[in-house]
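Next up: some structures, all given as structure tokens.
Two complexes come next, and they have one chain in common, chain A, joined by chain B in the first and chain C in the second.
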Partner chain A sequence: MKDFSDLNPITIFIYFFAVIFVAMFCMNPVILAVSLAGAVCLFMLRNGAKQKRSHAFFFLMFIVMALINPLFYHNGVTVLFVMNDNPVTLEALLYGIAASAMIIAVLYWFRSFSQLMTSDRLLYIFGSVSPKTALIISMSLRFVPLFGTQAKRIDQAQKALGLYKEDNAVDAIRGKGRVFSVMTTWALENGIVTADSMTARGYGTGKRTFYSLYRFSRFDAVLIASSLALFALTMTAAAYGTLDFVFYPAISPPKLTPFAFIAYLSYCVLVFIPVIIEAEERLKWKYLLSKI
Partner chain B sequence: MEILAVENLNFSYPLCKSKALEGMSFSVEKGDFVAVCGATGSGKSTLLRMLKRELTPKGDLSGVVKYEGKALSELDDYTSACKIGFVMQRPEQQIVTDKVWHELAFGLENMRVPNAAITRRVSEMACYFGIEEWFEKSVSELSGGQKQLLNLASVMVMQPDILLLDEPTAQLDPIAASDFIATLAKLNRELSLTIIIVEHRLEDVIPVANRLLALGDGRLLEYGDTRGTVEKLRFLPSLLEGMPAAVRLFGRLDNDSPCPLTVREGRHFIEENYGNSVRSLPAVSYAHSTNAALEFNDVFFRYSRELPDVLRGLNIKVYEGEIFCILGGNGSGKTTSLCAAAGLNRIYAGGIRVFGKKLNEYKNNSLYNGCLTLLPQDVQTVFLRNTVREELEDAKAEAYMLPYDLSPLMDKHPYDLSGGEQQLVALAKVLAAKPRLLLLDEPTKGLDAYAKRMIIDIIKKLRSSGITVIAVTHDVEFAAECADRCAMFFRGEITSLGIPSEFFAENSFYTTAANRMTRGYYDGVVTVDDAEKLCRQNGRK
Partner chain C sequence: MISIKSSSLRKWLKIIIPFALIPASITAGLSVPGEKLYAYVTLVITAFTVLLFIAGFEAKKTGTRRLIIAAVMIALSVAGRFIPFFKPVTALTVITAVYLGGETGFLVGSLSAVISNFYFGQGPWTPFQMFAWGMIGLIAGFLALPLKKSRILVLAYGLLAGILYSFVMDIWTVLWYNGEFNGALYLSALISAIPYTILYSFSNVIFLWFFAKPFGEKLERIKIKYEI
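Take a look at the complex of A and B:
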């Protein structure tokens, strides 16, 4: 079963880059609506019906952000009503809705992105550029939490020794200071053993490679090529102004030329690629199961 | 075939007058399993590091170490790194990367092995060691035993011919330790891997090793096949102390039959040579005082709301002036209950009383002053200063008040001390608060036999000066020797409780080697001392 998270990290990275880039720089209601729908769809598909609370929170955020713009920004020709001697315009309201749709869409994309891009996958991307940097990151990912737990242990040990009074602020701060200073010693001490363990296994005998669990399949190549092609199409249309949507002073949508239509369509395909992959896999699986 | 040869090796550390190793010569055959024993400071670790070029310390060196007839210094980088593997004591500190699979691949990455070959070797190794289940985990999620197994696997993945191990099981609990030794025996048997292991705890190692190398003060005392060497060594009390129970019993009885090494052989030895008309020693009665030092009443505790209970309705009563040992498996809640007693874990139901007073009635650290202290498992967490002297001044500890002498260690850095010395300094710091109740978490972890003996003596001295001691331990031999009462923990509750002779006599697995050797032949034997007395009373057949 090939679901979206089984792809090569580079593919995932490029895909998200393409989708988020367009969503962030195209203030076009169609693009934004597609992007928002796709982002929410992907997230729900991957997480199921869980996290209802966070969806409600994002919805609330969407409403608040959409309403803020017309309340503070009074440009536009169509006055809806007047509040506190200030006109509230339709254009400002629509702009507010578009802007908050963009923010929410990007946030949803990033939620999926951070779920998919675990530290292993990020390291793989670094590793293919510089194996050394990747090793340093991997070591810090290990060492930082270790440092934290040791500091906590020392703190507890010292507390149970009863050397520092808790109600005396000066004493407490001095105690924490000492814990911090001994942590440096501990880290160095620790570092020597780690360094020994590294040299014992041949570290430093020359250039090293970076191993990873991820393979680059033909499917990855196809997906990268299509993501980039769809991205290029949409961005060319955007660059030529075909997708420019004017909010102020009066709403003027771009003409729906064939080129614009193609751009919309290609972004739509791009956005729904992961949804299609996941849905297709699920169907296939169901079909197989029914046969088994 | 000879795989490793040491020829007239001498070594001294810089700024050190005495030699760390002197006139050392021996050779190791391919497929040998060599156990190296010796007291702390006899040069075991130094010797082991001499055999691995990358880890050889700086200092004055003469003589030569040869691998397959070639001096170590003439080996190329690849052979030196791959063919001689090294595993150290601390499982945590040896791990370099954050993920299990990455750690396995680390050595091969250094050797510029192509990705496809790494995949093959790593997957093969993961299968052999049973790592598959935690292959994609973070190393921080592993237990101590799993970490050490990972360290072994990530050395084995480089396909070494010789494996050097420096006290690999010192930081593990007994079950993980014997699993680890069993894995080594399997590697030795199935791959005819040459193994050289330095160990304090020889109970598990001696039966699987075919050669024994004994060191004393940097010199080679004996080297030869295990049984023969053990027989020669039994006259050296310092080495005998760390040997398996069967050997210790044999050493004390002065017998001329062949030396037993395992529990099975020990049993056979007793049955062959000694009668059993006297089956048990006179029962010792034990009466505790009536005042409780620590009381747990239906205590419940969990670390967070989502997690299961660690303590479930725990009831303990420890009386003033006794040594109380808590035994049990990993994760049974032993340490957790100790931390709860010290007020570090907040319980959610039940009550804890220390000397009859509820924990929360001790305001403003008065609990930790003149009442109760906790010595944690990792004693390094106790140290904050650069020398032992500062450390003791800091705690306002008076060295002359202690039941032991710390003066030779005064100007050393606490981290530079041996495990036993660290334990003593930490104990001194803890005793400075003049506790009436002392809580010890694994006081004998990683200690050699000599240091263990010393800790047992000190704990007994503390008891006679009126201090109540509660020790959480995995070490059954320790509990058998020093406890007044023992308790067995299982799933957050106490499941059995009693004085050692009854407690261990009723257990059939979780008991001392001396008890297992004499079960059914003698009754109520717990320590080697008991067994020796009974053998002598019954006399030779």
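Take a look at the complex of A and C:
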């Protein structure tokens, strides 16, 4: 077994697609709670106790968004109190909490997704769909830092030539503008040179392949199959209305039939797959360390 | 891989998808009673449109030079997103579209969104940003001739693009949060976004004011010099 981040990018992509799609699709408190718990667990497991500020930010956002709904939506039978001639209802408040839980869960999932799906991994996936776009993306990614260093060089040259001083605001702005102008011209010309060099080396004459160091192991296949199966189970239950949680006009939770139970269980397993894999890897590492 | 061979079909799709299919599916999603599918419908449709554009681009024979110039423009606008408050992405997308055509404009706008989100964080909003910026580029490409001639028109387009960008993104915000479209919520989202909308529009106008002419000249020069 491997670390979750060592898996093939396609596996990671399919896994996150399955988890996030269900979280966005089912406004069911159980599903949302499981999703939020799993997302926070994975994020904490990968980042430790760091990132306190983003946790605080997400928590604040959760509170604000949960309170927005009852202020704008006045459906529901249980009136808590009346504000500005508008009833504030329990149902709207609960819906607000559910909706913001969904959004925060998805944001946490995407945080982990961004960390696991680095640009080279996303390019690996993109490259199999559209090699040309993948090429543009990877070249742009390289150009961003290149232009930064080039701009610094031009800036130093201009300053050394005495073309502008930084203590004069107008002069400084005009100087920076000139640096940007020079840099753009250079960038465009440099791009043409790159393009000609690529053509000279035979770009576009044949099918383009991408170098990749990602292998597709048997574990990847197992993981893709199980994520898709669990995803299908949960989505089937959702499509049949087994997980429908009605907020308006009155709260009515779905019955806990065996089918619904299976759906909850399968989503739970799906959500905690990466946590289990990461935790197992940590335990193994600790165990091996203790043997030394 | 999706690739469309017939060029006339491709041309038709280019018009039908953004102007007919997307509004149609949005209204279809809104008219299903009891089901709150709009957010997913819009997300799927948006992602699909962007993919279709990319697939159409893939099937086309584009010169290597044009490809690299697009990459250069994307890199410039991504680098520009690091400037605090003022974002030149829209301005550069419009300028590229005017001088190199709507399709290149769409590519620059949408890919700038993906790449800058590597630094700023990907999310379910990425397809919408891709779509919004891409469309700003595509429409600018259609209006290339008048936009090239009149400076006031370019500035007005930048102003309008800033406002429309906000409008499109807030539709998504409301759909995602609420599950269905709610006028009051949309209005409040728009109102709370007013400072940002003004900032977007203002920075578009500023950047177009200063960049449209010199950038246009540079692109024109490169175009003539290297026959792109």
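List of remarks:
Assume the second predicted complex is superposed on the first by the 231 of 292 C-alpha atoms of A that agree within 3 Å, B and C clash if a C-alpha of one lies under 4 Å from a C-alpha of the other, contacts with A are read in each partner's own complex, and residues count from 1 in each chain.
To be clear about the criterion, a residue touches a chain if its C-beta (ideal position, glycine included) is under 8 Å from a C-beta of that chain, and two chains touch if they have at least 3 such contacts.
Small disclaimer: the values here were computed from a predicted structure and weren't measured.
Contacts of A:P131 after superposition: both chain B and chain C are touched. In the superposition on chain A, A:T185 contacts both chain B and chain C.
In the superposition on chain A, A:M65 makes contact with chain C only, not with chain B.
In the superposed model, A:A160 makes contact with chain B only, not with chain C. Contact with chain C, but none with chain B, is seen for A:F147 once the two complexes are overlaid on the shared chain. Looking at the shared chain after the overlay, A:A200 reaches chain B, while chain C stays out of its contact range. Once the two complexes are laid over each other on the shared chain, residue contacts for A:S119 go to chain B and to chain C alike. Contacts of A:M139 after superposition: both chain B and chain C are touched. In the superposition on chain A, contact of A:F110 is made with chain C only, not with chain B. Residues 119, 131, 135, 139, 141, 146, 181, 185, 189-190, 194, 196, 198-199, 203-204 of chain A are contacted both by chain B in one complex and by chain C in the other. Those residues of chain A whose C-beta lies close enough to touch chain B in the complex are 119-120, 131, 135, 138-139, 141-142, 145-146, 150, 153-154, 156-163, 165-167, 178-179, 181-182, 185-186, 189-190, 193-194, 196-213. Against chain C, the residues of chain A that register as touching in their complex are 20, 24-25, 27, 65, 68-69, 72-73, 99-100, 103, 106-107, 110-111, 113-114, 117, 119, 129-133, 135-137, 139-141, 143-144, 146-148, 177, 181, 184-185, 187-192, 194-196, 198-199, 203-204. Listing the residues of chain B that touch chain A in their complex gives 52, 54-55, 77-78, 80-82, 85-86, 88, 90, 92-99, 101-102, 105-115, 118-119, 122, 136, 139-140, 151, 154-155, 158, 339, 342-344, 364-365, 367-369, 373-374, 376, 378, 380-386, 394-395, 415, 429-430, 433. Of all residues in chain C, those touching chain A in their complex are 1, 36, 39-40, 43, 51, 54-55, 57-58, 62-65, 67-72, 74-76, 78-79, 107, 111, 114-115, 118, 121-124, 176-179, 182, 184-185, 188, 210, 214-215, 218-219, 222, 226.
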